[in-house]
């Protein structure tokens, strides 16, 4: 099984996104670097719009991820409600 | 907000109607006339609609999010420039990384812009066309934000001022230039595998993440801002590259061996270009983030390994040069910096020998190789320099015909022996640094015999200004070439120690930190 | 009160890059547009010829019959580099978004005059395919053109056309149903009144000279189609049913006004360079104009009825006047 990862610029918005990811992906681990936060998870990781919205306290469009995204790996599946990275087929 | 169509339509259906549904089957012109370059590479596509769109951005969402990124980025750049942020970097040696970046990488971003415009016009599928055109747009962003963030450094430091002129002429800059020239002159599918996949997906993290983290470690907010901001687009680009390769492999089994050959070729071409990055990471960052070897292990071995494990189901094997590249990680940066130290008079940035403390760091990161093979060399050079015998190599190196790097790489299993390979073609002999570069040549000799090899060009007399007079008794060919490069001798080149950059930086910083 | 800002005052070694200083005639501070545009494209010592076009260099001024001493004479009066461009478009999309939301939230489409709605859907929706062709042509001009000063805005323009195709699609949803898009595509493919236009668009997709393509697309087809669609037809619909369609097509009318400034500037520079350029550009303009007028005439009639012919005649006169003012002889 391989890891997938995603990295964001470190700022107020991504603080909420990361909190949401950690809540929804119990296997995820965080690597804090200067200016950047990287999250790894075995095989798959899902970002849920609803969770991000709860943490942020406002509406959130998953496409807003683009603004602070730095890098990622794995296959992407994106709907209005979920953004998933995985090595599954 | 992205285009909000009737609520019942999901993101995918909506996007489909906003892009693919715009296309139609032409009947007044033949498809082959509209898309003339799709056959000659031998790739077979049966159903373009099977391509999965990586990210589903409509133009209004693209403008909105990208504008937000641009506003943030330029606000940081303005603040950085207004507050003389350049004086906050660890020390001015760091700035030489940026010189290498602007002269070597920024012009490639521009080439990517034009290359993706070409491919974004030529692919017959609406989905990949749109994704390629967005990438073309992103790539001009990268070229321009890099020019803008380095514009302020250019005002205070030497070696940036002739980036355009030098990219097309200077010996080591033909390495990145020929890499991209090779990609855009290939067919559209090979371009996608070369840049979209091999470079963007397999290798780009090695260029950007550690390097831009390096900017962060060394106090360069400006480079960090453009780097991370560019990287957010790269995520889209990497995904396009990955989707494209899956698409090609799934369309026809006959595509697999063609794609495998391209992967072998472009992994090796990209890896050779990253030689410059390896030496930046290990030698040029005053404060290091991680060694080249560590970056290679994380971003190539782990991440690339996961990818090739995934592609195995199509019958794709890791690229031919993979094993050698993994062996080389203990040697690459040390050998490269040694060569630049040698040719420090012929490059528009400064060189130095690592300090005692830096050598200890290198020993700890490279316990099997640094003390054994490389420390003695650097110590010897440092000693010689101290005694006033700083050695600058005044001769010209032999270049590899394919990657155009001087022939300094060693045999995969013998770090004390330079690796030489050669091929005969139409009565001429061609030289290579490695099996990888020889294989690339042997497969397409008609392409690589065209290479504009800087050393050959110098010997042929093509790199002197119009006022150079080779018959004059005091004619100095090296100085004439440097003039033609627009390299200011004693200002842009030679050691960091004693350079105007060092003097200025120290004086300005003293002014900023003392009364 | 005077505020004493204590910063370090250090004298820069230079103001800009040397190739920019050469352009400006001295070492002066340069705009972001200029630094990001001038001479950015490589122009020397290419390593290999394109396998897909071995008769040319990677970037080659010989891909058009137009000749220029300096291709960077084609500066964009809007001074668009990527940042300036996206920020300008983001503002326009914000307005468009507000307009669409207003129409949607107030149910204005449902109350829109039924005859006007039918005219609007039948006239506008197939135009999204025209914009799609324009997007491809913008990519062509950018890929095969010469010099960043002109290739850069060609891509921006092409991407704007993709945005326009998407706004028209959204107009279809707001005003009608997904099935209206299907009907429009069918009309585009088979209805007799659309075939001259489709033939024109397909013929443009195989034009090899990128500057001729610039003339055919940006000067001629856009120059005739946009005033027809977003002034005349829009006015007629406004009279019939109020400003709903004007709100849903505001992006296009604002965009055309802005883009035309750039297109006119290019015409002036290109035609002003030599008599040969002027003759060639004029000839291309006339050739494509005659075809475009013929292709648009049945659509003008479809949307405007008996007024169609006189509107086309008026548009053609205005178009000729615009071209002649920009230095052509048409």
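Note that the chains are named A, B and C in the order they appear, and that numbering of residues resets to 1 at the start of each chain.
FYI, a residue touches a chain if its C-beta (ideal position, glycine included) is under 8 Å from a C-beta of that chain, and two chains touch if they have at least 3 such contacts.
Computed from a predicted model, the values in this text were never measured in an experiment.
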Please identify which chain has its centre, taken as the mean of its CA atoms, farthest from the centre of chain A. C
Report the chain ID whose CA centroid sits closest to the centroid of the full protein CA set. B
Using mean C-alpha positions as chain centres, tell me how far chain B is from chain C in Å, no decimals. 33
Centre distance in Å when chain A and chain B are each reduced to the mean of their C-alpha atoms: 28
Mind checking the centre-to-centre distance between chain A and chain C? Centres are C-alpha means, answer in whole Å. 38
Give me the residue numbers in chain B that touch at least two other chains, ranges are fine. 1, 68
If we count contacts the way the header does, which residues on chain A are in touch with chain B in the complex? 2-3, 5, 7, 9, 33-36, 61, 63-64, 66-73, 75-76, 78-80, 87, 89
Residue positions on chain B within touch of chain A in the complex are 1-2, 10-12, 54-57, 61, 65, 68-69, 72, 205, 208-209, 213, 216-217, 224, 228, 231-232, 234-236, 238-239, 242, 302-303, 305-307, 309-310, 313
For chain B, which residues count as touching chain C in their complex? 1, 3-6, 9, 17-19, 21-29, 33-34, 36-37, 40, 58-60, 63-64, 66-68, 70-71, 73-74, 82-84, 87, 107, 110-111, 113-114, 117-118, 120-121, 129-130, 133-134, 136-137, 140-141, 143-145, 147-148, 151, 154-158, 160-165, 167-169, 174, 177-178, 181-182, 184-188, 447-448, 450-452, 457, 486, 504, 508, 511-512
Can you list the chain C residues touching chain B in their complex? 7-8, 10, 12-19, 32, 35-36, 39-52, 58-59, 81-83, 86-87, 89-90, 92-94, 96-97, 100, 104, 128-129, 131-132, 135-136, 139-140, 142-144, 148, 151-152, 155-156, 158-160, 162-163, 165-167, 169-170, 173, 178, 181, 185, 188-189, 198-199, 202-203, 205-206
